[in-house]
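Multiple structures are listed underneath, in structure tokens.
Look for subunit A in each of the two complexes below; its partner is subunit B in the first and subunit C in the second.
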Partner chain A sequence: MTPKNALRYAYYPGCSLHASAGEYDLSTRELFKKLNIGLTEVPDWFCCGATPAHNVDELLSLSLCAKNLELAEQVEGDLAVACAACFSRLKTTQHILSESEFKRQQVEKAIDAPVPLNGNVKHLLDILARDLGLKRLGQAVTKPLSGLKVACYYGCLLTRPTDVPNLDCVEAPTIMEDVLQAVGAETVAWSHRLECCGANFTLSRPGVVVQLSHAILDSAKAAGADCIMVACPLCHGNLDIRQKEIEGVYGTHYAMPVFYITQLVGLAAGLKADKLGLDALIVNPMPLLKEKQLI
Partner chain B sequence: MKKKKMLLSAETMDISFVRKVEALSGTSVRRCFQCGKCSAGCPMATFMEHPPNRVVRLLQLGQWQRILAGRSIWYCASCETCSTRCPNKVHLASIMDALRKLSWDAEGPSKESYVQLANKLFLQNIRTYGRQYEMRLAAVFNVKSGQFLKDLMLGPKLITKGKLKMFHQKNKNMTEIEKIFSRIEEMRKNGEAL
Partner chain C sequence: MSRIGVFVCHCGENISRTVDVERVAAEVGKLPGVAFSTDYKYMCSDPGQGLLKKAIREERLSHVVVAACSPRMHEKTFRKAVESAGLNPFLCEMANIREHCSWVHEDRDEATVKAIEIVGMMVERVKKNRVLPTITVPVTKRSLVIGGGIAGIQAALDIADAGHEVVLVEREPSIGGHMAQLSETFPTLDCSQCIMTPKMVDVANHPRIKLYTYAEIEHVEGYIGNFQVTVRRKARSVIEEKCTGCGVCMEKCPVRKIPNTFDRDLGMRPAIYVPFPQAVPNTPVIDRENCTKFKTGKCGVCQKVCGPGAVDYEQEDRLIVEPVGAIVVATGFDLYSIEEKPKGSSIKGYGEFGHGRIPDVIDGMTFERLASASGPTGGKIMRPSDGREPKQIVFIQCVGSRAREKGISYCSKICCMYTAKHTMLYHHKVHDGQAYVFFMDARTPGKSYDEFWRRSIEEEEAVYIRGMVSRLYQKGDKIVVMGSDISVGVQVEIEADMVVLATAVQPRKGADTLAQKLGISYDKYHFYSEAHAKLRPVECATAGIYLAGACQGPKDIPDTVSQASAAAAKVMTLFARDQLEREPIVARVRETGCVGCFYCKKVCPYGAVEEKEIRDRQGNLVKVVAYVNPGVCGGCGTCQATCPSKSVELDGYTDEQIVAMIESL
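The block that comes next holds the complex of A and B.
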């Protein structure tokens, strides 16, 4: 039986976690189970519209997000979001609709329902660092990630837009570093942790993505990181899946594993590789994890 | 290439369009004092013929046609860096959204078709499937843009890693989604929404 004060959330995985980022979904579910945090998937959630929707049609973007917020009401608890882009869209929608009466009326007409504006939308990082808390997180560690040097990559959307009450400071956030240090890892200081990877151009202009992501990988390497940690499936796609291509274009060699936050924290909490989907990563993380005696 | 001189006159300045951009984006271009901080932090500025600060300057001067005729707005990654750093709270990322919407609606001249095609297919996918179906999105994009072999090498590895799903579950809320799309179309037809 779950105790009364147990943490419980409605869970919005987002499209990527049901497709190219299956390992993020798996490791999230396994880690939360291990930490006794309840996750119930929002029934029949749909795409938040991501960047393409707000790029050309704000009303559509707001309506898609509002509908998802309404669906989430069926499940008890705050809304837990894994993807940085979904998180930014859902939060922004709540913010815009509570500021503008006019836009709210339009959206309510479009979805034919009132928009719930008071529910909390939280990124997984927030749940780990604040709801569960760094102290309790530290207590759950059975295998500290000692000796692992990690470059925490926020990307652009985790802490933005600036006027939306969000995860952490927009220019100098520390929430990722806090979580990783709580599980025993070492975090490096580096220049590109908030730079954009160009995710919006993955399909249309891959050359742009290669150029921007190259700068990020380069900066992480120069700072002496063993690996990069992300909390977004889009960042992951560009840094992990495209890493070989980037190495080819620039004639460099990184072999830099890119982990999801839930994979690294899961490892520290004693979860086995198969529960974390480590075999789904394109850049093989096993040599590094063996060298650091973490597996 | 010889640069064309910009002539400012009552004929070339169109402020009514600028007002529309301001209404859609909820931000005023008059607040900008051209410090250039937005462009300094913009990861995409090197790909644009008009970097973000110049986009605002051109709007101030009513020269929006110059912006829409180029590719700057389609090369904006929506990373929000500009809005975050502007000392005058010019919400440039929202201005970019507004310009894209107006250009999209007008099906106006633009040098960038790939980004527009990708956006269009993405939205069509939501309307048809409710969720993004990455495999289909990429396949249709490649066919429509005539780049059949693009990213071919990535494909097989992604499938064995379980990253590209060959089949897709249809969402049970499909009728709801269709209703949202058609209600918005209806509202626009009746002039109730921008």
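The block that comes next holds the complex of A and C.
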């Protein structure tokens, strides 16, 4: 039984979290349970359209997001989103439809329902940093991540597009660093925290991804980071799953674990490795976590 | 009985295309009081005005209504014509059947009916018009110039040379402004100090210029021809009359490590200082925040070593009231500080460029000080971090300017040219160095400007890359510049030793506060607004106040000097007459009805309402009523709308007139 004034959200996991990023989904649910934040999955949610839809057909892309926003209305609370791309698409849809009456009418015809434009769409980071608050987050920490040097990686979509009211400053955001410092970790200042990892070129032109993700891993290493933290399943795929390949191409050795935000915060909140899906990571984080005495 | 003449204009086809002007003239001719009505193709033309004058004389007209364009366009024209025919000009009104009717309607019948009604309203209104005498006010032939940069200096010298006294007020301890900080100037590369300092000396020596440095405008009262300006002379702690400028105090001051803002914090200065050696006046000032004497009470070295005994720790701010007839505002600009998002501003910072975090990322003005022969490095280009000469230097234009997503959408106008100049200065001093420039467009309109820019590329070997930079970061002792070259569509990375940012020109900090003191308007960026963008570019909408230089919008030196001389010419035009004529559209108080609540005083934006005592013959106070100073009143009518006892009315816009208009419908 949750208290009356507790935080409560509708939860939109997005496709990745039900597939390749299962550990992100698991750690999110476990962390929120631990923090007494209610999370109810939106019934019958489906794909936001991601990058392909809006490249092919704007109406389709807007309608997919609009329908999901409409479905989310059934659940009490703001809409919590884990994936950076889903977050960006849902926010962008709200923005475009509130700016253009014409497009809104088109979309409403397509989905045969009114689009809720005023509902809040919130990324998990926003919920942790602002709704729960850094202070309360700090109080929930049982095992501070002291000594762990983390390179916070934002990627492209958490703060973009620029004209959509978004999570944090487009060019110099701090929200990830704020959250991690609140749970006792040390964040490094580094150059590539906002550069693109290559995103979904990972399927069509993997060479591009290897090159771009290499630059990111390289500069995180140069800045003295032990690991990288992300909030996007695609970034995670490129930096974690492709890390071995990148090492092969460039003849380097990083062994740089790539965590989801909820995994690191979950660790600090005292959750065990099996509740955080740490075994699903390709670059094994255990040696690092043992060395820092975090597990 | 009125004998009103109505003159309906075709305005070529502008009105007659949609409005049946002949029918309008015929219909309003039937209205009671109208003695004459006609239409004509161009009423404002010479024959049109002739027709009007002839009708006034021959038909013995008592009032005139011209049905034509907006009064903003031609009210003055027709009132003048009416006056020359012997009528009081304020017995002429305009009915706007162009902007308010023909231009906005399509149906000819409906538009004609509406035009007849508009003219009918004005006919009823003009019947209630009173003869209004023109107001004359005396002119104090002294001028105030605010700001001692090149704009203020030029305006002050021009006005003073014309024989009028000038009070020049400068906030900093010396005049000279930004131009004194520059190394060399485009497009001729002449040394800024060499052309600037003689003018500064001229100001100091001019018998008709009263110079207040280290002073600010405290308060402004009055109106055109009759301002009372209170100037705060900040405590300098050095008595200007006694100081000889020998400089011993500065040599002996034990506090030496204060960053010199004039040198963009590259050099150091003592606590008692002049901002730069050529300062005018050459009188030091004590920086009380950093002075040991003021911080702890111990020290007092400067006072001991000062021969003439000019150092005065007890000195306090002084307030001086100066009567002036005109004000030239020349407060200049600041460069956009890009490190952080400025507090309470809608303008975002440039965290991604690392300015303030990476020591060798500097702004354009800092580069000027590095390149200046009188600068902290003696004109040698060196990195602030380690003093090494940069061999690869990157210039980034449009930092803050033309960046809507950062909050500034305007072009700062000077950066394309000064960046071209910087590449040249760099090439002259570092022969084996390479300069790169990231730019969006090269904007070089101006005499010899484009040639100058081409020279930087063709002769001085600067590499121009069309595209913007996304990010700068430190890698070892290099700065990696990540940008794009959009002309070939590739990403570019340059490992630079130094990066120079051409940051946006912004109005001076506090420009809004000064504008509120002066009662002048400003735009959303706080640049001061001119009365008309094209036809009145140096005047404010507030009479008697003129603009010069970058406080009105980004400007280079030639434009600034031109505008300053233009502002001076406007002041001289004002001073050419002993009496000033003003339109008598002012508020009048009906003293019998006034209950002295002074709501009008509270709402008056011009500060025109005064308190007036009414006394009986024995001198006993009967009551205190409001009095509107006709010299100050701007004729906005706010008092009329506010007055609970209906005791104040705006001449030309009385309730009686407005009600007559409504009732005619």
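Just so it is clear, the second predicted complex is superposed on the first by the 295 of 295 C-alpha atoms of A that agree within 3 Å, B and C clash if a C-alpha of one lies under 4 Å from a C-alpha of the other, contacts with A are read in each partner's own complex, and residues count from 1 in each chain.
Quick note on the criterion: a contact is a pair of C-beta atoms (placed from the backbone, for glycine too) under 8 Å apart; a residue touches a chain by one contact, two chains touch by 3 or more.
Note that this is a predicted model, so its numbers are computed, not measured.
Student: What is the contact status of A:162 with respect to subunit B (first) and subunit C (second): first, second, both, or neither?
Tutor: both
Student: Contacts for A:116 in the overlay, against subunit B (first) and subunit C (second): which applies, first, second, both or neither?
Tutor: After superposing on A, A:116 lies clear of both subunit B and subunit C.
Student: Look at the residues of subunit A and decide whether subunit B or subunit C touches more of them.
Tutor: Touching more of subunit A: B.
Student: Could you say whether A:191 touches subunit B, subunit C, both of them, or neither, answering first, second, both or neither?
Tutor: Only subunit C is touched by A:191; subunit B is not.
Student: For A:172, is the partner it touches subunit B (first), subunit C (second), both, or none of the two (neither)?
Tutor: It touches subunit C, and subunit B stays clear.
Student: Considering only touches as defined above, state whether A:38 meets subunit B (first), subunit C (second), both or neither.
Tutor: The answer is neither, since A:38 touches no partner chain.
Student: Across the two complexes, find the residues of subunit A that touch subunit B and also touch subunit C.
Tutor: The overlap between the subunit B and subunit C interfaces on subunit A comprises residues 162-163, 170-171, 195.
Student: Please name which positions on subunit B make contact with subunit A in the complex.
Tutor: 24, 26, 43-44, 47, 75, 77-81, 83-84, 91, 93, 97, 100-101, 104, 114-115, 117-119, 122-123, 125-126, 130-135, 137-138, 141, 150-151, 154, 157-158, 161-165, 171-173, 176-177, 179-181, 183-184, 187, 192-194
Student: Which bits of subunit A are touching subunit C when the two form their complex?
Tutor: My answer: residues 162-163, 169-172, 191-192, 194-195, 219, 222.
Student: Taking the complex as given, what residues does subunit A use to touch subunit B?
Tutor: 15-16, 18-22, 44, 46-47, 49-60, 63-64, 67, 71, 100, 106, 109-112, 156-157, 160-163, 170-171, 195-196, 198-201, 203-206, 208, 212, 241, 245, 279-280, 282
Student: Sort out for me which residues of subunit C touch subunit A in the complex.
Tutor: The touching residues are 341, 348-352, 405, 471, 473-475, 480.
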